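Chain lettering (A, B, C, D and E) follows the sequence in which the chains are written, and residue indices restart at 1 in each chain.
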Amino acid sequence: MNEKILEIDNLTVSFDGFNALNNLNFSMERGELRVIIGPNGAGKTTFLDVITGKVKPTVGQVLFKGKNLRRFREHQIARFGIGRKFQTPRVYLNLTPRENLELSCNRQKNVFSTLLKPQPSPERKTVSTLLETIGLVVKADTPAGLLSHGEKQWLEIGMLLAQSPDLLLVDEPVAGLTDEETLLTGELLVSLAESHSIIVIEHDMEFVRQIARKVTVLHEGSVLCEGSIEEVQNDPRVVEVYLGTEEEEHP
Amino acid sequence: MLQISGLDVYYGESHILREVDLSVYRGQMVCLIGRNGVGKTTLLKTIMGLLPPRRGKIWFDGVEIAPLSPDRRARSGIGYVAQGREIIPRLTVKENLLLGLEARRKRPKKMQIPEDIFELFPVLKTMLDRRGGDLSGGQQQQLAIARALMGQPQLLLLDEPTEGIQPSIVLEIEAAVRRIIETTGISVLLVEQHLHFVRQADWYYAMQKGGIVASGLTQELSNEVIQRFLAV
Amino acid sequence: MNEDISSEHQEKATVIRQLYRQLRQRPRLTEAVTVGAIALFAIAIVPFFLSAFNLDLLNRYLALAILALGIDLIWGYTGMLSLGHGIFFALGGYAIAMHLKLQIPPDASSQLPSFMSLYGVTELPAFWKPFYSFPLTLIAVFLIPALLATFLGYLVFRNRIRGVYFSILTQAATIVFFNLFNGQQKLINGTNGLTDFKTILGAEVSNSNTQFVIYTLTVLLLVGAYYLCRWLTGGRFGKVLVAIRDDETRLRFSGYDPTGYKVLVFAISGALAGIAGALFTLRSGIISPKAMDIAFSIEMVIWVAVGGRATLIGAIVGALLVNYSKSWLISQFPDIWLFFQGGLFLLVVLVLPNGLIGWLKTEGINLLRRLVKRPRYVTTYPSLEEDPEVRRERENLGN
Amino acid sequence: MLFLDSLFNGVSIGAVLLIAALGLAIVFGIMGVINLAHGELMMIGAYTTYVVQNGFKLLGDNWFEFYIIFAIPMAFLVAAAVGLMLERWVIRYLYGRPLETLLATWGVSLILQQFVRSVSWSMFVGILLFSLLFFGGIWVLKKRLDFDRLRRPAIAVLLPLSVGIAIAASVLSGNLFKLAFTKPWFGAQGVDVTAPGWLRQGLELGSLYLPYVRLFIIGLTVVCVAGIYLFLQRSPWGLRIRAVTQNRTMSACLGIPTQKVDALTFAIGSGLAGIAGCAISFLGSVGPNTGQNYIVDAFMVVVVGGVGQLFGTIVAAIAIGTVSYLLGSGTIAALVSDVNFLSDFFSFFANTSMARVMVFALIIAFLQVRPAGLFPQKGRTVDA
Amino acid sequence: SNPQDEGTGTTGDSPGETGSPIAQSDGDVIKVGILHSLSGTMAISEKSVVDAEQLAIEEINNAGGVLGKKIQAVVEDGASDWPTFAEKARKLIDQDRVVTVFGCWTSASRKAVLPVFEEKKHMLWYPVQYEGQECSQNIFYTGAAPNQQIEPAVDWLLENKGNQFFLIGSDYVFPRTANTIIKAQVEAKGGQILGEDYIPLGGTEVTPIITKIKAALPDGGVIFNTLNGDSNVAFFKQMQGAGLTPDLYPTMSVSIAEEEVKAIGPEYLQGQYAAWNYFQTVDTPENKKFVEAFKGKYGADRVTNDPMEAAYIMVHLWKQAVEAAGTADDLEAVRKAAIGQTFQAPEGLVTLENNHHISKTVRIGEVRDDGMFEIVYATDSPVVPVPWNQYVADTKGYACDWSDPSKGGKYKMEGA
């Protein structure tokens, strides 16, 4: 069955009359890795807000695996299999990275099974593997509040992996990361894409080039263009509103 | 302009900065590089007075600023763009910008936003009455830089100013920072991951686990060396 | 050379890991033994050394410690500051008191609780009837508060009302319930509350044997409550609670619905308060709407703050300490004890933000080390100077 | 007629709620400090009014008629001064931790209550001496460069020393001057504040009778609200206050003197409590417990109005006032007297205690519809 | 004084077993407890009562003490909190081993400590007018029973001020019970109760009540006020503001005395009435002495009032009882000796009756502009207390007599 994992029809979101999203149409196949770029304020984060239920659409609808998400609350949507990493890292500061991961790992999130069922050992194993993947083994048992910005970024990516959703929404995963780590993140995402559907938002074009297959450009709340990275990069409209031209001397 | 010697900073009982020495001269752009979590932000915060050093001295403009509170430091000419933007969320963009004036030594009688700010960041002009917290991440970042410039600082501390900003504006910011240094002669201490921006600096310091491990002219650095610092 | 270091490292690491594993297994046992010993000591030895009056105080404060555990659960761990626990405490107290008031000797002139006939009530109101039954009363002691907490909690948490708004609402609820109980002269004796209890299960309430049984029961229930809280906060459930305190919104996007968790903890905490209220009432001999005085509900929080929030021992220690010192202060300085009480609150918040136990865990350790002339306990980057990476780095750069 | 009457009475009650909540709305809504000592600051305002009144009584009847013109600013200043001390010594260390401020200010409120009960000349002497010795000592030592090192031993020596001397002096002065020094200034009994004659009457409009005190309080409330609005929205200090309270660290980095701003904001909030205290002293009792009677209601107003929303606070105060009045006075019960079961229902709630119960139920119901209050904060930062 | 029962040694001397505790007065002091609210809402009223008790103790000590020993008072704060009262009562009895306790103001606090005193077979002296319907062997009541204050006041009002009543009170037991009595009495005597309302203790918003009064009594009528504490201030201030003046709406209060008048401000109260057994203006030599002594000790601007005087009386009555019994420690003996004690009190002669209440003169006063009361009515002789109310159906026909073991706290009177 080749149903689209995400389909968005004619979506508008307005705040006090300002349309952050404007008649947006978007759709995505299962197993796709899609990169969304666009100028600051184009509505990318808002787009994720709508999908995850943080913001309710003013007009239009979001279909996830054919299900209209409008009626559902955030946690329900998350349980359908949508995971999200926020633009500024948000982790539980008083829990250790290990505990942060354990929480996300938990499969059954209702009150009583969390309370009564012990943590299955595969989950524990996943957590330690993840800790290695995100390079926080050393700090695994210090409170996450003490991590630096970049470390938190990684921890949050780790949490997303732990949650293992069908659709991953990743908002600026490499902001504030060093090039090396950026590269690693890219590899991580690409390998993930084999089994998940992913939406990545990024401004770091280097990174975009590394991972992108299909790119969607948002501008002023609607899709400006869509296509492979080369097509998009060479589209004059994109250059104008987003990429800019380097007049500066190159060192 | 700025001189730091033997700085030791702790968070509670954990030792973060160890014996940091660093200088920034007038009109110079200095870049601080290092991996995530080595203590770059901590250093900038200490300069700004947000964290008390346990040992060491900081001079700004020949004056020791250790006893000064952050707001006094700001008014003596240090501008700061924090990592994570730190916009005042429920004030409008305009009010956020006007707050930048607080740092000026002579406060203008009429509270007005000079046009050149909008030349640099045209988006802001269209958003003057929007709440700062409602802006998108990148817009907030632009606002934060603009706000710091409003105060006409002598020394500008930039903590990853291009994080989350669209490529075209990153280029503009780079150009603008250079231009400002050239025209006004202020100094800049920059923390950056963007290789391209790092190259614009005159001098670099490389940090590793809380200490400065290398420094020198940026020109003498090959890309590979920089990359090594950032990557280890 | 490098290999040497790393293999040495590995060795060290395995040793440490083993130690750690052992320690992880042991504390449970150590703790269980300690708790058991303390409880045994409290039941078998303490009563013989304390005067009746002091034992009475201890008993009541131990009951309050159960309440403090409940507060710690929702405030210390989950970050919700309830100023409404006086209600739950009072409900527990009223439940048991109503049962006691129905212990009317068959030859009495009226088969109604004594106050009712004075106000011209001729028939026992229906809601009193279940309290004839002792088992039903026992259930009511914790179930009624728990149900009320569930109801209020659901209405409030469902709408994502939290933080100080929650505190203020619970505070208002306290006042409202105070008014409600205070005004019902005929049904529950209004301001006076229920007092003058005679017998329980046929035994005289004021009899010293009965009181000893109540004391023992209190100690056991406190241990039970401690372990309940231990269990709740120890596992994944406890982590969710902390996550709620840290960033409730974020938790939703991980697929958790905080509402259910919050309602459940609130209810459990309310139930603990109800149990405490019942025990306290048995010992103090009175329950009145005064238990729903705002001051009392705020004091409860202070017990936990003094002891150290998010540490269960802290809650217990705090409850005992603050109440003893209050009782002592009132007697020593009946005219001006409020100065000291107020000062104490201020001091705790300002000087001991993590409470006594919190202080002991951080500053206290350093103080101890200083006393035995050891250097302060300092953590740095995981042992930077020996870090092979850093060494290599330095060497490579020749700096 | 009934309508006008109800409206006036509702607004009267609302005005009292509002003026009591106003300072709170600032301190809580803007600074995020839950000030449980707010009621005690009102009490201080009321006692100030009492002192001013007694002063004017000595000056003669003509002066007495106008003492309130002087009492209001005095109440503001005294309460603001106390607020200032509170901010410097306590609140300052607790910014960003609202629940802690709640506990600390509760302690402060106990101390203030006991203070007005017990304060006497000999106690005053003690406190004065203590402050002189202790703070003076610290001040002198601060001039030395190595103060940081000296701090702990200095406090360890100074504190017991000055406490000892202060207590000794206070006991000694009590023994020396006897009653004149040991007699409490105010005592536990409460004091009388009598409004000037012209405020004790009412305005008759047809069958409507409007007490002047009520009109006066409504007027005072309007002035305070307008003043606060202008100050916060139109003055540069207002901008600074809002900035600091939303992001203290960054504001400091921008060059705003945060300590001054904090102190000023808290002082203004406290001063408003003082004015409220002056106002309520014309309506009710003035005693050590005066403040406690208002604090919870004031908080409810702030919550229902939506935090940080001046306009919401106004609407909430008047709405709660009117509903309490309509329920408590039995007006609603009378209106529905034809429908038996409704009438019984509302009669049950037709007294002040039960009206409170009903109002609470209504507020909870209201919050089901609008969880963030009448005028919720908007924008993406709210729930971020 | 006339010791009627010299049987001191009737009970055994080991405490606890025989039922009569022997409190312990060691050395040359006798310890007594004082248990009132010094903090919280009730401190406003109770602090002055403590002052009066301490004055009486000082007087007695200066005059040589009791049985040659000085009285030492252990003061405890009940903090306006009933369980605290119970706890502190226990402490005074068990820990401090006092021989008697002077204390309480609100009926609720008395009800809270009552089981403690009964369990320990100890002794409490209670100085405040109250609602009656109680008669404990372990309590001596020196304030007015309803028939010594409320009932005469209602009669006087019916006679002089009209028969349309509005009842207003604080929302707790005394006002509610008092109003039950008043309703029964007014109806029995052909008057009308047109409304009844309550404010929570400490409540200050009385606008709704004023509306109700205006609606119920558009052309004036009598207001019977059983408000306590702070609410009184609010009530009278706002009543005047709303134009309800004493000529149309005469108000009779039973909890407003000199102290309260001072705190409300006489300007608001002038022309209103209060019923008590004692006013500072009572003209007896004993009162002159009492007032002078009080002002001398506490300051010239202080005033005396009924509960303070009752408190002052009770310390003296206790002293007389102890001297009559020849011991302070044997409480049973003291109790027996107390009955029948008379004392020339500031209010006039009082006698401790066998129902543990005292007979008192009833007075009605009108507030003057100096805050004192003009006594407009007084009974010719002390009125005998009736604790079980005879207007209320449930207690009609009952009485109390502790001098006769076969009668006790509540017995059916003959012919009733």
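Note that in this section a residue touches a chain if its C-beta (ideal position, glycine included) is under 8 Å from a C-beta of that chain, and two chains touch if they have at least 3 such contacts.
Protein identities per chain, from UniProt: A = Urea ABC transporter ATP-binding protein UrtD; B = Urea ABC transporter ATP-binding subunit UrtE; C = Urea ABC transporter permease subunit UrtC; D = Urea ABC transporter permease subunit UrtB.
Worth saying up front: this structure is predicted, and the values here are computed from it rather than measured.
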- Give me the fewest steps it takes to get from subunit A to subunit B if each step has to go to a chain it touches. 1
- Item | Label of the chain whose CA centroid is most distant from the centroid of subunit D | A
- Note, CA centroid farthest from subunit B's centroid sits on chain E
- Query: Counting in whole Å, what is the centre-to-centre distance of subunit A and subunit C, each centre being its mean C-alpha position?
  - Reply: 41
- Message: Need the CA-centroid distance for the pair subunit B / subunit D, whole Å please.
- Response: 42
- Query: Where the CA atoms of subunit A average out and where those of subunit D average out, how many Å apart are those spots?
  - Reply: 48
- Multi-chain contacts in subunit B: which residues touch at least two other chains? 14, 134, 232
- Sequence positions of subunit E contacting 2 or more other chains: 38-39, 171, 198, 200
- Numbers and ranges of subunit A residues touching at least 2 other chains: 15, 54
- Message: Per the contact definition, I'd like the list of subunit A residues that touch subunit C in the complex.
- Response: 52, 54, 73-76, 78-79, 83-84, 86, 90-95, 99, 102-104, 106, 109-111, 114-115, 118-119, 138, 159, 163
- The subunit E residues in contact with subunit D across the complex are 38-41, 43-45, 47-48, 171, 197-200, 202-209, 211-212, 215, 229-234, 237-238, 240-243, 259, 262-268, 297-299
- Where on subunit B does subunit D make contact in their complex? 48-50, 69-71, 74-75, 80, 82, 86-91, 95, 98-100, 102-104, 111, 131, 133-134, 147, 151
- Touching residues on subunit D, where the partner in the complex is subunit B: 236, 239-240, 242-243, 246-247, 249-259, 308, 377-381, 384
- Message: Please output the residues of subunit D touching subunit C within their complex, sorted ascending.
- Response: 28, 34, 36, 90, 93-94, 98-100, 102-104, 106-111, 113-115, 118, 296, 299-300, 302-303, 307, 351, 353-354, 356-357, 360-361, 363-364, 367-368, 371, 383-384
